[in-house]
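Paired with chain B in one complex and with chain C in the other, chain A is shared by the two complexes that follow.
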Partner chain A sequence: MTAFEPKIVAFLCNWCAYAGADLAGVSRFQYPASIRTVRVMCSGRVDPLFVVQALQRGADGVLVAG
Partner chain B sequence: MNAITGEAGNFHVSLTQSPRYVDMDKCIACGACAEKCPAKTADAFNERISKRKAIYVPYPQAVPLKYSIDPGRCIWLKKGKCGVCEKICPTQAIRFDDTAKEISRDVGAVIMTAGLQAFDPSGLDNYQHGKLPNVVTSLAFERLLSAGGPTGGHVTCPSDGRAPKRIAWLQCVGSRDLNRCGNQYCSSVCCMYAIKEAVIAKEHLGPEFEPTIFFMDMRTHGKEFEKYYTRAKAQGVRFIRSRVHTITETAADGTLSLRYVTEEGALVDEQFDLAVLSVGMEPAESAVETARKLGVALNPHRFVATDDLAPVSTSRPGIYVAGVLQGCKDIPQSVVEASAAACSAAVHLTPARGSRVAAPSFPAEREVSGDDPRVGVFVCNCGVNIGGIADVPALVAFARGLPHVVFAEDNLFSCSQDTQEKLVGVIREQKLNRIVVAACTPRTHEPLFQETLRNAGLNPYLFEMANIRNQCTWVHSENKDKATDKARDLIRMAVARASLLEPIPDLEVAIEKSALVVGGGVAGMTAALSLADQGFPTVIVEKAAVLGGAARDVRSTRQGQDVPLFLEKLVARVEQHPDLTVLCNAEVTAASGFVGNFETTVVSGEGARTIKHGATIIATGAQATETDEYLYGKHPRVTRWHDLEQHPERLNGAASVVFVQCVGSRDDKRPYCSRICCTSAVKQAIWIRSRFPQTAVYILYRDIRTFGEAELLYKQAREMGVIFIRYSLERKPVVSADGERLKVVVFDPVLQRSLAIPADYLNLMTAVEPPRQTRLAEHYKLPLTAEGFFMEAHAKLRPVDFATDGIFVCGLAHYPKPLEESIAQALAAAGRATTVLARDAVKVSPLVSQVDAEKCIGCGLCAEICPFGAIEMMPVEGKGLRARNIPASCKGCGLCAASCPQRAIDMLHFRDQQIIAAIAAVG
Partner chain C sequence: MSSAEAQRFVDIVKTVTESIVQQGPFDAGAYPLALRAAEMTLNSEVVRWLAGKEVRITRRGDVYGRSWETERLEKVMDDVLEREYQKNLIYLAIGEGAVSVREISAATGLALMRVSYLLTDLEKTNRVEFKGMHDRKPVFGVL
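For the complex of A and B:
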């Protein structure tokens, strides 16, 4: 039996968290592949509606990083 | 740089560029070469704690992110064998035959920014650096703290890899030390970085961890630094005022014993796991060499010599300096000087401005808004970076099956020049109107592909990237199937979003090529003059009847330059300049507009007038406060700041003068350091001792903060017999009247007893405080700190900008600072304003908010929360107020859109439906 791996939708701020995720790549840091990122120009753009939509569509968790 | 000839405005420079052995145009920084390279060497960026390869990038954030070969380590370059990088490089970027290039350039001005080197403590035998593994420099510790460092951010003892429980920081290693190293100056930044390292280490190592900082004077003199120091104490950082005598190793596990003497005179041996030497700064050896070639004068400490009244000008006209090469300083001041040097250089370049600018040309844009989406998907292999992990052919096949996709294929390198040309052809042939590239990251490559769209006659915003390298194959290389699954989802999301993208026209704003400066002190006048000298008409608005501001009270600068004479000349230049208008007794009563297009109403004796200007500089200054402490205002011999300097006759026959520092600074009411008082008091003390040798001078202080080369004045004052006595906030000096004279009682922590000092005069160094300027701040929608200083956009990286474009700050309005820093910041503000005014129009990002006036109910929430003043509430007939966006000020953050209760605001290119489409396609 495989361990539960939650599917996470991440809203990443273009200027910080998204850049950080890119840098994690440059540094070859490995992390679970179950995250799906949506780039926004600021975490302030993330309408609560988007979070609800992601959960409704089957995401197990939502990460807003900025 | 090899040589320079010529003069300001017309230099000829010859340079040698060392070979890189890697073709910059071909390298894609995939790292395959470094992975296979067999030659290792100590990694200088990680302070030699870890190893790097002979082919390397110095650090992950390097710009440009391209590899180079270290010829001293490369086996091929040394012995003609190996060459594995050449074999493995997927883009054939290796160039073993690369050679040094001779370059010559004609330039109008030169700016030196070659920086510092950290003091090497290995010569200090009492600290055993280089011999004891657990004695490290502050720079090495910085790498141990870094998530990208050699230990992945886990703080460990180099002796055995254990987590330290007790760390000691030793301040002033290689600074304020004539005996052991000859660096008499204070390095200015070490107190603050040591506290930062201690606080971060505490965050990493937890509540059991005990950080201790051994210091002489705690010099947290920068903006918001004092509060950080106070917070660090509350968080458990222990501060001991003592200079550690010796470090010895006491156990096989590398535990150290530090021997020091407490303030009470007790000798202590204390154990620590790790000792961090807070090393000072020196001008970089190579930079000193270059300075000599440039023929600019150095000061006795080998920093580039400058005048306090021209703080970025070297001894050779047309050559400027910025950063630590000019003297020890932190990042904000280095950035300020960089802009100041750029501004000074721009004055020489004014006649040639814009003469080498070529505008790109593109074919006419194809109208697509009425057509159904025809999406083209290009999946990049990025050599093996993507193709070696994810199943690219499967991704292409998958993309072909997605809605609206009419074309999909893979490329070996989507960013290469030939692929770009191929893309243009495919877009035209297939009549594609939405493009998705699944590749590296939009943060580096979106502009390139957007230009390709323009070349194909498409609007650049009909483009979307799926990040399947940086955020997929590079981070999931251990699980190829999952990486492919994720890439599939990311492509589906990108296609869903791309299908809804709309063309967005470029946004250009015309620029009013003039400026308004609020405040006519040295900072305001300096900024205005630099702008006027570059041909931009400027208005100075001064509240007082005369120009000059706080500098009118100052007699001389730190280095001794005559301030009244300088001020007289400055005012004369301002008044005579044909491009300057001065409005005295004047006040800003209203302001509106945005970058390039401000409109300010100024009321002066001549009535109200409205001024149009493209840039705004705030230079409203600050002043020394009044106080009710220490009998000020109650006893005629209690004076303040420059009172005695201005009336030297009072000192005839005076037996003693007592200065009290920090009057109203660094307390609960004003929790900041006023920064200039220590140096000013020390300078005045030297002046009194030289002119009235019979007068004893006492300075009662909390920490002497003569940062940088002002430390030499402190030393001189002590040599001249000025007596320094430290007091604490809990035990302030007590002043009483003693007939015509005064009596000051203060507890001396060295003697451990109270002293009664008879004083002829008591001079109080009261806090420097900005005027109440909430109204001005409201007019321009500018933020203030809790203490009332103007708050810049970013404390470190944008020290003269406001978050609102086109408005800049300089001088005491920003924070207390000495005259040379005010002048540098004024030049910097002018330099930043020039970046706006030099253009006829500025291109701004068109990804802005869009208000639906029909849905808007005028609640004003959006205008209130917008950090950039980009939404205004405008009256609409019969409807009251309605929100209207100001595209030129909008940064596209979308706070307004997310907050609007009516959903009346949407963001171009990040519309609700576009984001929701991506979410729905997660799968």
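For the complex of A and C:
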């Protein structure tokens, strides 16, 4: 059996974390392919409900970055 | 983080991934009641209202002109969240067929006293009704 590859839903702020992720891509930094990015206009837009619903629908973890 | 912190982003993704790998896969099917109750709680009117009024209450005071420290309001919010969550757990447990206080307590893990206390609240707000006595035990149903 292969190693456990988690599914992590990442809510990234358009102005900081998302831009940081973009830069990481442009700079060709290596990072795990476990995250599924959802771009939000502000991390304040993330409703706690999103976290619960992500877990209900099969995510192993949730990351909110701003 | 700032938009220039690509390395920091990479580090955070690595740390979070490692932590999730250590915790293992999350099986949502193992916590059907808890997740549904959490969802109902976060969606409830009382929690949404309270969260929406937080800045107003801490900056300008409540409708009686009393001022609130952020910590004190947060304590109240924690209590409300806990209470609403437990009420929703009970509501869901009754829907799943745990109709007596003892059965509800076993299904939710809440103490008997707490269950009967919260049941009164659920009855008052017309979410749960007293169905009658069954085998000398009071039984409840959802509305």
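Here is the rule we go by: the second predicted complex is superposed on the first by the 66 of 66 C-alpha atoms of A that agree within 3 Å, B and C clash if a C-alpha of one lies under 4 Å from a C-alpha of the other, contacts with A are read in each partner's own complex, and residues count from 1 in each chain.
Operating definition for what follows: contacts are C-beta pairs under 8 Å (C-beta built on N, C-alpha and C of every residue); 3 or more make two chains touch, one makes a residue touch a chain.
All figures in this text were calculated on a predicted structure; none of them were measured in a lab.
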| request: Check whether A:Arg39 is in contact with chain B, with chain C, with both or with neither, and answer first, second, both or neither. | output: first
| Between chain B (first) and chain C (second), which does A:Cys16 come into contact with in this model arrangement: first, second, both, or neither? | second
| message | So in the superposed three-chain picture, is A:Ala65 touching just chain B, just chain C, both, or none of them (first/second/both/neither)? | response | second
| message | Looking at A:Ala24, would you say it contacts chain B, chain C, both, or neither? Reply first, second, both or neither. | response | both
| request: May I ask you to decide whether A:Phe4 touches chain B, chain C, both, or neither, giving the answer as first, second, both or neither? | output: second
| said: Shared contact residues on chain A, chain B side and chain C side combined as an intersection? | reply: 19, 21-24, 26-27, 29-31, 34-35, 47-49, 53, 57-59
| message | List the residues on chain A that touch chain C in their complex, please. | response | 3-4, 6, 8, 10, 15-17, 19-24, 26-27, 29-32, 34-35, 47-49, 52-53, 55-61, 63, 65-66
| field | In the complex with chain B, residue positions of chain A that touch it | value | 7, 9, 14, 18-19, 21-31, 33-42, 44-50, 53-54, 57-59
| task | Would you mind writing out the residues of chain C in touch with chain A in their complex? | result | 1-10, 12-14, 16-17, 19-21, 23-26, 28, 35, 38-39, 42-43
| field | Touching residues on chain B, where the partner in the complex is chain A | value | 29, 31, 60-61, 65, 148, 441-444, 467, 469-472, 474-479, 482-483, 485-486, 489-490, 493, 847, 891-895, 897-898, 907, 910, 912, 915-916, 918-920, 922-923
